[in-house]
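Provided herewith is a single structure, encoded as structure tokens, for subsequent inquiry.
Chain nomenclature is as follows: A, B, C and D, assigned in order of appearance, with residue numbering initiated at 1 for each chain independently.
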Amino acid sequence: MNTYHGQMLTLGIFGQSHSKAIGMTLEGLPAGEKIDLEKLKRFLGRRAPGKNAWSTARRETDDADFVGGLVDGVLCGAPLCALICNADPRSGDYEALKKTPRPGHADFAAHEKFFGFNDVRGGGQFSGRLTAPLCIAGGVCLQLLEKEGIFVLSRALSIGGVWDEGELTSSTAQKDFPTVSDEAGARMRAVIEQARAQGDSVGGRIEVKVTGLPAGLGEPMFAGLENRLSQMLFAIPAVKGVEFGDGFALADQRGSEANDAFCLQNGRVSSPTNHMGGILGGISNGMELTLRLAVKPTPSIALEQKSVNLEDKTETSLIVGGRHDPCIVPRALPCAEAACAIVLYDALLKRRSELYGAK
Amino acid sequence: MNTYHGQMLTLGIFGQSHSKAIGMTLEGLPAGEKIDLEKLKRFLGRRAPGKNAWSTARRETDDADFVGGLVDGVLCGAPLCALICNADPRSGDYEALKKTPRPGHADFAAHEKFFGFNDVRGGGQFSGRLTAPLCIAGGVCLQLLEKEGIFVLSRALSIGGVWDEGELTSSTAQKDFPTVSDEAGARMRAVIEQARAQGDSVGGRIEVKVTGLPAGLGEPMFAGLENRLSQMLFAIPAVKGVEFGDGFALADQRGSEANDAFCLQNGRVSSPTNHMGGILGGISNGMELTLRLAVKPTPSIALEQKSVNLEDKTETSLIVGGRHDPCIVPRALPCAEAACAIVLYDALLKRRSELYGAK
Amino acid sequence: MNTYHGQMLTLGIFGQSHSKAIGMTLEGLPAGEKIDLEKLKRFLGRRAPGKNAWSTARRETDDADFVGGLVDGVLCGAPLCALICNADPRSGDYEALKKTPRPGHADFAAHEKFFGFNDVRGGGQFSGRLTAPLCIAGGVCLQLLEKEGIFVLSRALSIGGVWDEGELTSSTAQKDFPTVSDEAGARMRAVIEQARAQGDSVGGRIEVKVTGLPAGLGEPMFAGLENRLSQMLFAIPAVKGVEFGDGFALADQRGSEANDAFCLQNGRVSSPTNHMGGILGGISNGMELTLRLAVKPTPSIALEQKSVNLEDKTETSLIVGGRHDPCIVPRALPCAEAACAIVLYDALLKRRSELYGAK
Amino acid sequence: MNTYHGQMLTLGIFGQSHSKAIGMTLEGLPAGEKIDLEKLKRFLGRRAPGKNAWSTARRETDDADFVGGLVDGVLCGAPLCALICNADPRSGDYEALKKTPRPGHADFAAHEKFFGFNDVRGGGQFSGRLTAPLCIAGGVCLQLLEKEGIFVLSRALSIGGVWDEGELTSSTAQKDFPTVSDEAGARMRAVIEQARAQGDSVGGRIEVKVTGLPAGLGEPMFAGLENRLSQMLFAIPAVKGVEFGDGFALADQRGSEANDAFCLQNGRVSSPTNHMGGILGGISNGMELTLRLAVKPTPSIALEQKSVNLEDKTETSLIVGGRHDPCIVPRALPCAEAACAIVLYDALLKRRSELYGAK
């Protein structure tokens, strides 16, 4: 489903890579909040392609055109709806792919799902391009969270086997290439460039950290923050793993290590460690929320790959044309932030009902 | 939310660890299917405590009492509803915990969420005991999947740093201690016993594999199999990470490695590799579905731990009484199978509508 | 679906007329609220059968057994779950109905829906008995609404062609036979008794009025109060029509009559008329909410009726045995109040989030 | 909520009367179905204003611009998304209404709901104009239902107290003014013209009939056809009542009259009467589905009306400018058909899963 049903927010994403337009509707936002459209544009710019050596040469005009929900830049209570027009796609490039699915892409699964009627142009509705409207929705939520003192930060934790070093802070997120260590960032870029030169691609890890999050967000069992965040994060095409706090490393720890003991900090319940990533029982506990994502290498590579011809059922090979990102991690960072922001702002709006009632 | 909204199935879990009963309702199952209640009982037995050295000495009678949805063991179209009565809980043990939250447990988060009105007895609604009704729902779905030739297998992939070896097959799942290598299993049990003797606990990894799954299950974006499975799996209390296919290892691969090239096997589109774990674009592609879970060490340990007194806001320490599993992995295996079965059977029922329409 | 998805509340109803138990789960209620169980019992008593000449001689012990969600009578944040056990149903009475559907009942529709596997005993899941758990959920919501100064009143507006006279007030709702005019009530009872004596039944109209409702409840378009209330009210088996404000009478009015002009009352925006029943654009406007329901005559009558044998496909006739209400209106009144209370309390909880944010 | 969550279909409506565009997304439609865009345009033409004496002189270009979901006119599995651009609205007309709510409109309720931030231009998101995208969604569903032999018909049953005569058939729906009796239609038009000349408006009743509907559609309790249809139909702004089958007239019938006895017709279970309107227990029984709607008189009238000034809290009066329909019934007919089609096609897709499984 292209509709995400939060508790208070409902997000719909529509369009295909080469359809007339892509876009999003987001309903449930509070009326009266002003949206900074310039700030949103800068945020969308972080995801947009065509800027750097490590991203595709394609140029997309990803400006959000708001057709509903705003009056003079202020939310009016109607669903927020924004479009991004798809200008002049060269769909001809993709016609052969209708019968020859690209390895690592959704082509074959989509062909089975939709009985061959799926839109194959540019990956259709499975294209990474659909993260642009996700970033519009998330960019709006990020602004609204920031008004509450909640900040979502991210960095490239590893790319192509090269790891960043140091602690993620708000200053990292402002960087052009978002690593704590600029030296590690330089090595990552070299690994990306090397892969590109060889017609190949590399994957990596994304770290997300949320500061200022109050305790009490999230619901038990199926709508805990972990449940909701992972559900949302796997909507980003290349994500293949999600872990919270120490995540998979917890599998090798003992309870006496992993348990975050409680202490008092300025009269507030806190903990000297944060192995749990700020979530217990699905509910925020007032510590920083931390998570990491596994991002697979870009499936579109320039090397020849084996495939099958779905029409005449023969084995064949193909070369994926066009220019593609040799590493998707840098452009996936704002997507990850956006995804988290939508879930957390939804949880915050739900929490408001509880806090109001508790008074 | 204790309600899981699938596309065709709606699952509700209710009760607290020490309330009169816990239970589940599951609606959307097809009328006319016979449920093998003896087989279900055996499945629930795999999760039940009190059997082995590695599990708690508490004895719970986890028999499912079906109060609705069945007529002579056959689904009648009404919601399936089953109860498990909570016989004679010694709630007194837990009274002190109301003001002193246990590290690693949801106690503090729940206290904040529910303004101190949460049921603290035995962890209340956050208790691992709530996975018993999850297993009832999942056990029913497992039976219905098996009628379609779809099997959900699992094993302890690692415990306390000890890794299993070999390939998971259906024969593994039948074992008392579910590892492929019995030798590795013996070492895992030793690690568990050692932790127990030290008043500590260990975590581990669970591998799940699904065979016989047809292509075309799952929906794009927010309701893909990865989205839905992770949402469901994080409802199991100790799970802190989920990865599909090669998961986090994909972050270190190149596209030319990670992409599963297509080939023909007996005229059917297949692939010699399965790095993607059978899911692309959120949709099953006909390969085996594979995933792994990070399971944290049991938070209830016998060692003294630091906490705070929420009433008088002082730092204190506590010792968690009672007997607890030094490792939750073995009992979490059927929970993981159950969680996957619910999501997959839901997707299968949705797929039936598409297949019927496509004729 | 037996699950009602409000915005903040999720209600599940389970069980069949003759299954071991029926019951309900209600999640999303605020932790910390005390439930008056004696008051709830009195409310359920208004729906219970066997009290009067106009209701069935069957005796049902409709006491709610709370198995989850309460700690010492206080909501703890876990789903509220209550059971009503079905003691000793004489299911044998109904065996013949499996192949011979009763006119006016859901028997045939259910047979088609569930391919003959539906539970026919006592009407199965389509029995009016399932309104007992609806009344548990609604009775709780009524209590919580009353704490906010919101009261849901109802009366028998007409029965068997006899109409009540006068204005519905809170004192009416306390009466044993809830009409404003006792004389009209006496005539209604006579009509009911006459129908009963003839082996027949009569229908009627229910009026519901809600006082103290603030403006701003309900959502635009598909989740307006009219949309939500009608969706919920049609869950009461005999309801075949719903109208708000002047309802169908508006079809014969002119705009200049129907429009409720605005005025000021004690500095508050009000209106001297209330043709719209307190809802415009799906949203409460601060006036009293008024609605009326069409209740069909009880389908179970003692007269011989024509039916078909579904097995051998022949026309036949049947006599519905047992004792049944010759008029369901009096017992349907608390059901209507309950249904409204659930929807309105859900809307109130949603509104709290908006009010908190607006501060 | 502007999102309708069916079981298989999810519909989102966005935009305001004077925002850049209005539109709809509809997801869950089966891939591979061809949409006849010319036929859809004709259907939308029935709702469009500006054609006749009885409708507003405003001219709106209500052509649907599909930006996603179609490839060469064939559904591709991605959400169907269509826009209608709002060309050159003269918003200045409405500025004064921000502080002076129009009687009979949602202005005041919206002002309270959204704390004065609602879009007042042309009624904002509460405008009847939002039924245009509803008709796009419904028009598509009508086409898909017709392929299954299911037809949704409607007529003006009464306008301004003048009633149509005769039985609604498919030929009626083709008429320019959709009444069975042309003579009754002529009298209705005279009543409308008279109201218009007096600066007033009239209401009416709509009858909808659905032929070819198979048994087994709809779900018990909260998602029965009556529940779903009424929820959807109240999204049409002027609707204030819904009744099924004989509806409110059932309140005055006896059980022996109201019960539809079963008979055999060509070996198929049928009934000589249809008081229940084809729905029992919320589920279709194979008879024609019949319902009626109460449509209030257009609230926009040319006469002076009393209101209040929300800013300085004084009583005042206003005259609603512009040209408006003196009767909304004729243009509401396709809206009612559209609303029913969406619900019924959703139920049909759900039913396919059951039928596939039952094989």
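General remarks:
Going forward, a residue touches a chain if its C-beta (ideal position, glycine included) is under 8 Å from a C-beta of that chain, and two chains touch if they have at least 3 such contacts.
On a predicted model such as this, the values are computed, not experimentally measured, just so you know.
Common neighbours of subunit A and subunit C, listed by label, are B, D. Remark: among chain pairs A-D and A-B, A-B carries the greater number of C-beta contacts. The distance from the centre of subunit B to the centre of subunit D, with each centre set as the mean of the Cα atoms, comes to 45 Å.
For the pair subunit A and subunit D, the distance between mean C-alpha positions equals 38 Å. Our note on geometry: subunit A versus subunit B, Cα centroid distance of 26 Å, whole angstroms. Among all residues of subunit D, those that touch two or more other chains are 1-3, 5, 7, 13, 31-32, 77-78, 110, 113, 115, 125, 220, 354, 358. Those residues of subunit C whose C-beta lies close enough to touch subunit A in the complex are 7-8, 30, 32, 77-78, 220, 349-350, 352-358. Interface of subunit B with subunit A (complex): residues 1-5, 7, 11, 13, 101, 103-106, 108-110, 112-113, 115, 125-126, 130, 158, 160-161, 195, 200-205, 215-216, 218-224, 226-228, 230-232, 234-235, 237, 239-264, 267, 269, 271, 276-277, 279-286, 294-301, 303, 305-308, 310, 313-315, 354, 358.
Listing the residues of subunit D that touch subunit A in their complex gives 1-3, 5, 10, 12-16, 19-23, 25, 27-28, 31-32, 65-71, 74-79, 81, 83, 110, 113-119, 121, 124-125.
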